[in-house]
Amino acid sequence: MPEPKPYVLNSKEVQRATLEWLEKRGVTTKAIAELVHYLQSPYYPDLTLEECEHHVVAVLSKREVQNAVLTGIQLDMLAEEGKLLPPLQDMVRHDEALYGIDEVLALSIVNVYGSIGFTNFGYIDKQKPGILNKLNDKTDGEIHTFLDDIVGAIASSAASRMAHRKQEEKENGLPSD
Amino acid sequence: MPEPKPYVLNSKEVQRATLEWLEKRGVTTKAIAELVHYLQSPYYPDLTLEECEHHVVAVLSKREVQNAVLTGIQLDMLAEEGKLLPPLQDMVRHDEALYGIDEVLALSIVNVYGSIGFTNFGYIDKQKPGILNKLNDKTDGEIHTFLDDIVGAIASSAASRMAHRKQEEKENGLPSD
Amino acid sequence: MPEPKPYVLNSKEVQRATLEWLEKRGVTTKAIAELVHYLQSPYYPDLTLEECEHHVVAVLSKREVQNAVLTGIQLDMLAEEGKLLPPLQDMVRHDEALYGIDEVLALSIVNVYGSIGFTNFGYIDKQKPGILNKLNDKTDGEIHTFLDDIVGAIASSAASRMAHRKQEEKENGLPSD
Amino acid sequence: MPEPKPYVLNSKEVQRATLEWLEKRGVTTKAIAELVHYLQSPYYPDLTLEECEHHVVAVLSKREVQNAVLTGIQLDMLAEEGKLLPPLQDMVRHDEALYGIDEVLALSIVNVYGSIGFTNFGYIDKQKPGILNKLNDKTDGEIHTFLDDIVGAIASSAASRMAHRKQEEKENGLPSD
């Protein structure tokens, strides 16, 4: 009898699943790009949605980000199906004010692009423009306790990445990745 | 028909569930106290297990800690039952080296008692004394990917709390809570 | 010749210096309380400034908070006197967009009261009400690159502390510390 | 009269200063590479110092890392010259156990490469191999309260970066940057 094949992580599969799960939960990279545009267009008046989406895609290619997305969406879905144990089920379903693990996962995303993203994360999480408003609509039976913070964190990280790249361009006089 | 009663968090129930889930997963406050003793007895030769356990219980009374414990154990249990979606299921089951959400939850515990706990957390997580060694035994079919980091974080936090209290005692010449 | 007395931390002195340095840099506990009121009065219409200040004082009694306040103000003052080495001097003086150590210190404050404070921190840091607006006025030669983030973090932490205490009151039917 | 030239960050100068300050304080990229080798050679027996140094250099090219290095070394140097105000001067000079801002800066470095570096950071900070032992020698009048944590964080981050790259190689069958 052959030995079971040892486990080997398939990074492409993790990446693919991240994008698929986001889409299934109603979040496109374009919707996240709109949040980046909301945050950054005051500073860069010519900013296009395409450029914003480019940075969103780059953020979503990071393993730490993918891990947080998959874990957060999984917990949202289990809460929707009522499969978490009480009292965790209640806290996640009601997005309990003193339950902060959703913010903990979100911060692990922001951290990858450095502390300059904290401010944007908090701001957008309070203002809830675009897709964030939709994710927070509690009337449709869907639960996005984790996802709304995670989407805000991805948008803030993309804004941080853009700030770093714009600075490079300014210093080097060249467009950069 | 009466309106559904609005949700009100029951903090005592969250506290109770935290201790119950830990115990069900094989972790007593005494086992965590032994980790604290391992960390702190080099500095305080007369340190008793009772004093260590006192600080463990205090750490476990914090809501942020309870949230992390319940969320982490829930994910471990779902992985054990094979109920997470791939590829998350594989990553949690195999405690994948590049999956760091277990450390993210653990750090959210350490942070509550400040940055001085980071060193102890990393040290104990590598040395794996006592209960940490047991939780890491992968031969018994149990999955404690989250719990082993969480238990190390609780022990480190208890050590930090103790350091703060010992300093107060030294300055005030009085035993303090 | 007597041996030099060994160093013993004087916690009361650290606490006293924290309040003194804040005041010297133009920040009273009352001004921070006004930020807390700005954040929390939408949820608690009867909230008084006195109650807000009570939580600010409690936050400022934590050693981790005091350490961040003293370190941040020290760096601001050295930048004002031109005593930091280039290029750090330039980055702190100009509150460089890609210099995020001020946010790093601020987050170490927020973390003590848990992740639920992140949103308020980012929001207030962007809106800059009250004292935050004054600290950000770059026309008067004063440098508050660190202090404005730190004050926002203290206010957010006080708001988090209040949220925890209000929940306890609601469950127990009793006012609590 | 011409207007003063507006401030523009010079990123190359920040990078250059980071390496220069490290060297002046006795820390070469090779010494940090030895820490990475200490951490990772148990997992990769053929690991060379050159490969370790490659990852150290990559970590040091990140702005968030450079900011933490410059800020930490500046505080160490000011403490050495006795130029910090009491009680901050005393806390930094004595590497006070309850003063954790050095760990806060270190964590901001580790975070850039994700949570998987926390364990290595704590472990190496406790074991103090190689250059970390030298930095901790308190008998020579030098103060490295910040630098020793920062160097440990850079080494842990380099180890995390290596783990990500090794995984890519394994999956793709190709050496990768």
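Chains here go by letter, A, B, C and D, matching the order in which they are written, and residues are numbered from 1 within each.
Just so we're on the same page, contacts are C-beta pairs under 8 Å (C-beta built on N, C-alpha and C of every residue); 3 or more make two chains touch, one makes a residue touch a chain.
Predicted model only: the values in this text are computed from it and were never measured.
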Copy pair chain A, chain D: interface residue numbering same or different (half cut): same
Cα-centroid distance, chain A relative to chain C, in whole angstrom: 28
Residues within chain A bordering two or more other chains: 9-10, 63-64, 98, 100-101, 104, 108, 114-115, 164, 167
Chain-level touch network, classified as line, ring, star, complete or other: complete
Chain B to chain D touching residues, read off their complex: 97-98, 100-101, 103-104, 106-107, 114-116, 118-127, 163-164, 167
Chain B to chain A touching residues, read off their complex: 7, 9-10, 13-14, 17, 21, 63-64, 67-68, 70-71, 74-75, 78, 83-88, 90-91, 94, 96, 98-101, 104-105, 108
Contacting residues of chain A [partner chain D, same complex]: 8-12, 63-64, 108, 111-112, 114-115, 164, 167-168, 170-171
